[in-house]
Amino acid sequence: MLNLAVEQALNGLQLGVTLFLLAAGLTLIFGIMGVINIAHGSLYMIGAFFCAATLAATKSFLLALLAGIGGAALAGMLMEMLVMRRLYARDHLDQVLATFGLSLCVNEAFSIVFGQRPLYVDIPPWLAGSVEVVAGVPYPTYRLAIVVVGLLVALGLYLLISHTRIGMLVRAGSTHRDMVRALGVDVRLLYTLVFGLGALLAGLAGLMAGPVYTVQVGMGEQILILTFVVVVIGGLGSIRGAFLAAMIVGLVDTALRAFVPPWLKTFMEASAADALGGGLSSLGIYLLMALVLLVKPRGLLPAHG
Amino acid sequence: MAETRALRALGLIVLVALLALPAVAHFAKDPAWISLVTRMLIYAIAAVSLDLILGYGGLACFGHAAFYGLGGYTVAILFHHARSSEVLWGLIPGSTQFLVTVPAAMLVGGVVAAAIGALSLRTAGVQFLMITLAFAQMLFFLFSSIATYGGNDGMTVRRRNEMPGLDLRDDTVFYYLVLALLLLALWAGRRLVRSRFGMVIGGIRQNERRMAAIGIDTYRYKLAAFVIAGMGGALAGALMVNHARFVSPDMMHWTKSGEFMVMVILGGAASLIGPVLGAVTLVGLEDLLGQIPKWGEHRMFAIGAILVLVVLFGKGGLWGWIARRLSRGGDG
Amino acid sequence: MILARTLFSAALAVGPLSLAHAQAPVKIGFVSTLSGPAGYLGQDIRDAFLLAMEREGGNRLGGVPVQLVVEDDGLKPGAAKQIVDRFLKTERIRVVTGVVFSHLAVSIVPDVVDTGALFLSPNAGPSNFAGKECHKNYFVYSWQNDALHESAGALANNLGYKNAFVLAANYQAGKDAVAGFKRLFKGKIVEEVYTKLDQTDFAAEMARIRAAKPDVVYQFHPGGTGIAFLKQYAQAGLNAQIPMVGAEPMLDVATLRAVGDTALGLNVGVKWNTDFDNPESRDFVAAFQKKYNRVPSYYAGQGWDTAQALAAALRVVGSDNPDKLAAELRKANFKSIRGPFRFGPNQHPVQDWYQVQPVKNADGSLSLKTVGKILAGHGDAFSKDCKL
Amino acid sequence: MAEPLLRAIDLVKAFGGLMATDHLSLDVGEGEVHALIGPNGAGKTTIVGQLVGELRPDSGRIEFAGEDLGALSPPARLLRGLARTFQISQLLLDDTAADNVALAVQARAGHSFRFWRDARADPRLRDEARRHLVDVGLGAVADRRAADLSHGQHKQLELAVALASRPRLLLLDEPMAGLGPTETQAMIGLLAGLKGRVTMLLIEHDMEAVFALADLVTVLASGRLIASGPPARIRDDPLVRDAYLGDGDA
């Protein structure tokens, strides 16, 4: 039982860091530019596709990694310069609509170029296999690597934001947007860079998810809604909030799936417990978000004030 | 004043065209137009009702499909029970009467909207957007797992509802009924947005703080608007299930909520004609682009691009654009 | 805005009003899911159908000139309804086919058969129309959905497993799949797990499987989620410890390519495979590979069989008279790539089911190898309720 | 003198470590004009927020006409006769000036759950709205969109909207802010005309206006009351000159 709990905790952590990588970019972009970006899921897909295609062509994991994050970052900056820039002054509805349109375009373009069949991505051989974390619990090395990378990125983001000049601007930008403009900073460049950073993180999440999930057109939209849940629970614009919420969502979601059906079975008939458990775990995260918002309408750690 | 005259003339032409459509379609041996336009008009009802809160009230609701789907399921479930003559929860008998099922659907939509709205309206802005989405997704998953009503596959409603004196199974009759209901909804909407209540809703969109400062408890008004919109969405869903003779959880999926938002903003929010235009354009585009051989399956690329361009360059949506052209024409 | 206007008028130019012209060839309405993540399924069926027409010298089936009107439903029931409405009313099409997904079939089949037209399903076989609501104009060339998963249950019996851990996506088709598996599986169900429909991470389920230590795992997850499940099963090291069985949709050629070597060791119940040793199958596989440069999936196989069945009926009838065609179709007088093929009383297939396994070819690629028969002449559980 | 109309008793409000309101007590008698002045950051806006109910004091009490306002919401306070104008105009910019005022008339008349009749064609609303607009000198622009009016006209419109609530006490949050000399004179004239009819709590920077209008002046610095009394005394109070008038802010 303890072994199972350890394994499930790791699983929750791994889902949590994947969500965090996506949510960090989304919430950063919202915090600084005030934009809701529905096309963020497309950046995740771009990272996974560029990585898969490069890997298939060159067989080099390093090149594939660079192509994935570089491609996503470039795509993000391009997106910012061509479309997003014109949306900063608009209301959220216009932003949702335009970025939704953008995601349709990007997805369809990828399905024209790459086709709709899922692509294959292998795990680097040195990350294949399992590690015994606790005695008797073999855990996939690759998933551990995702957890480590995710935590390192979180640490890096923390250092970047609390100890560098760009970070200072980012922090100031998320609480006093006008002040940053007044500081004489090249705001346009800052915005493009921040967007590129968010895209890079999404691309990284996408390429790491490739060998575990499915590399396919539309993969971004599937996880996007969950990412929005994380961002909103954490408090829009707050990276610390996104980290906290990603961990909570990852752990709660995993725990619901892992422990609720067996628990229900202790006092219910088995097949009814399975059905109810399945339903509860489907609803769980949305219920969690609704509850959090009812108690704290601005999320757990809101960025503004 | 040339502007209003031009608008009146345009409205009259459109109305005549809509009235003549069945005859023209039959004459052209192309009766499928009737059901295509019926579908557009039903979506228009959903979009207009969403516009009441989204456009006029400034409340970004991302869960309108929940009410649309509930309206549809109400009709389908009542039909199901009328057919099997089982009584729902031991007290509600089934029905196939249009005049029973559609008001019932609106009632259900209104009651659920009151519940969802009462909770959601405690938040605002993006949080409101997300919490309405969350409630809609919960309903989606709920209906996806009710085996009795078809689960994810949905269920067929083998016959349209009945109405004394009208043969609703006739597509032309049903078309005119939907057209009449849309016109009724537009007329009611026009009265509503100009009423005292409508003034308050418009005021809340522009400046909620101001409304509180003149003594208006904005929460109650937003909730009332939310309920009315929910009933409108349920009406559209009830009509759609009658039209399509089929219901499925797809009607509640978040992408459907997104489509409704697209219709409103594409057509022009905070106007009554805008959402109608948006519904007609979006459904028409998808249908017509889909018929292009070979490239039709990539139509979402064009639709996505159009959305981006309309938002970036077409202020006020299609209706805003038309209104500007007309007024420019009137000036020169 | 100009772009929108241009596109709209371009679209109008090919719109329905202009399509209503001379009626020489028999029109066949093909509505399928061609766009979006699941689009390749519909494309395979369409390509096989077109191949069948081309093999008769172009635009012919059973010697009769035909025109295939292809449209994409985008996986939306509403759009599918609209397309079918246009097929039936404007184009006066009497034969409709193509549909991949059950819930789309459920939404349009009544429209088609109520107007007296024929519906030939190349893939979807929902229980809705297999029992009491079966119809004389409705034919299924793939399977009844439950029968598909029954094959996996029987396969688990044949392999001698005594207890099974079953998982399926939490929606109706998933529950039907579990019901189908359980109907024939004689062992004990250790645990029954329903996953979220849009779930991509199955780590929690992997841990539960490991803890439960079943003889065998059976799972059904549609599309991309199924691929994710297989990859994660292997990455958790489970495929070395606990064998897995599944039904045909678990492992088609596209899935096989996407999961790679991790598929090795799986056992799958199928009704047809590319290595079947009969002239029709060999001929089809070779022709498909030559034309499209890829291995045909079982979806393609079903599309081909549907086209062959229609061709056989058209050859006798010579027109699209639905009643005469239905009478001919009911005889199922065509050469299926599966070998013997006949209909049950509900016009769903009664057929043999086989066990296949992924194997590694000399060049490192993977293919599916048939290793034995699971069930012979297997119909479905609903046909007894059908009174035709 | 009778019971004051508004009493703030020992209000405390802190944001983090910052004391925005530091044990402040304040009375406004019926019919008087009480001015509240103080340098930027003295905590004037925070007081307004607590009085109208947008902010909750950490401790202390607010009484209006003998009733403890407690946790009443801003709308509930307005219906008891406590109206306010905003320092930064909060107007419905898409609507006409008359619409802005008519809404306040409508709100005062009770609930607005009337869904059918055209509100703009309702003489009960329009006539009164027009009267208030004429009162503040906006009669000529009643049918212009608020967005198209000048800054000074916005300030006048704010006043008309507040008057439409027929308040017993009018909380004026810097009505002269951003006005030119002539506009300021006009506004002072307007307010002087109201004096005696409506009790006013005037938060203002413009000393000329304060000394022209106020019966009593209270001076705040860093959230604390440092002086209170008739204008003449305040003008000569060395403490006030030091804390406020001396810093060049006026």
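Note that the chains are named A, B, C and D in the order they appear, and that numbering of residues resets to 1 at the start of each chain.
Throughout what follows, a contact is a pair of C-beta atoms (placed from the backbone, for glycine too) under 8 Å apart; a residue touches a chain by one contact, two chains touch by 3 or more.
All values reported here derive from a predicted model rather than from experimental measurement.
Q: If you take the chains that touch chain A and keep only those that also touch chain B, what is left?
A: Touching chain A as well as chain B, we find C.
Q: Just knock out chain B conceptually, keep positions unchanged, and give the connected chain sets.
A: Take away chain B: A, C | D.
Q: Could you see whether B-C or B-D has the larger number of C-beta contact pairs?
A: If we tally the C-beta pairs in contact for B-C and B-D, the bigger total goes to B-C.
Q: Give, as an integer number of Å, the spacing between the C-alpha centres of chain C and chain B.
A: 34
Q: Taking each chain's centre as its mean C-alpha position, how far apart are chain A and chain D in Å?
A: Distance between chain centres: 48 Å.
Q: Between chain B and chain D, what's the gap in Å when you average each chain's C-alpha atoms?
A: 44
Q: Averaging only over C-alpha atoms, locate the centres of chain C and chain D and give their separation in whole Å.
A: 72
Q: Which chain C residues sit where two or more other chains touch them?
A: Chain C, residues with two or more chain partners: 35, 39, 170, 196-197.
Q: Multi-chain contacts in chain D: which residues touch at least two other chains?
A: Residues of chain D touching two or more partner chains: there are none.
Q: Residue numbers in chain B touching 2 or more other chains?
A: In chain B, 141, 145, 298, 300, 305-306 touch at least two other chains.
Q: Edges wherever two chains touch, nodes for the chains themselves; is that graph a line, a ring, a star, complete, or other here?
A: other
Q: Which pairs of chains touch each other in this structure?
A: A-B, A-C, B-C, B-D
Q: State the interface residues of chain A toward chain B in the complex, per the touch definition above.
A: Listed in rising order, the residues of chain A that touch chain B are 30, 36, 83, 86-87, 90, 92-94, 96-98, 100-109, 111-112, 225, 228-229, 232, 236, 275, 278-279, 282-283, 286-287, 289-290, 293-294, 297-299.
Q: Which part of chain D faces chain B closely enough to touch in the complex?
A: Residues in contact with chain B: 52, 73-76, 78-79, 83-84, 86, 90-95, 99, 102-104, 106-108, 112-120, 122, 125, 161, 164-165.
Q: What residues of chain C sit close enough to touch chain A in their complex?
A: Residue positions touching the partner: 35-40, 43, 170, 191-198, 200-201, 203-208, 210-211, 223-225, 227-228, 231-232, 235-237, 254-255, 257-260.
Q: Provide the residue numbers of chain A that touch chain C in the complex, in ascending order.
A: Listed in rising order, the residues are 3-4, 7-8, 10-12, 14-15, 18, 108, 111, 115-120, 122-123, 129-130, 138, 140, 142-143, 209, 211-219, 222-223, 225, 253-255, 257-258, 261-262, 270-271, 274-275, 277-279, 281-282.
Q: Which of the residues in chain C come into contact with chain B in the complex?
A: Going through chain C, the ones touching chain B are 1, 3-4, 7-8, 10-12, 14-17, 19-20, 34-35, 39, 70-72, 74, 76-79, 81-83, 85-86, 88-90, 102-103, 106-107, 109-111, 126, 128, 170-173, 175, 196-197.
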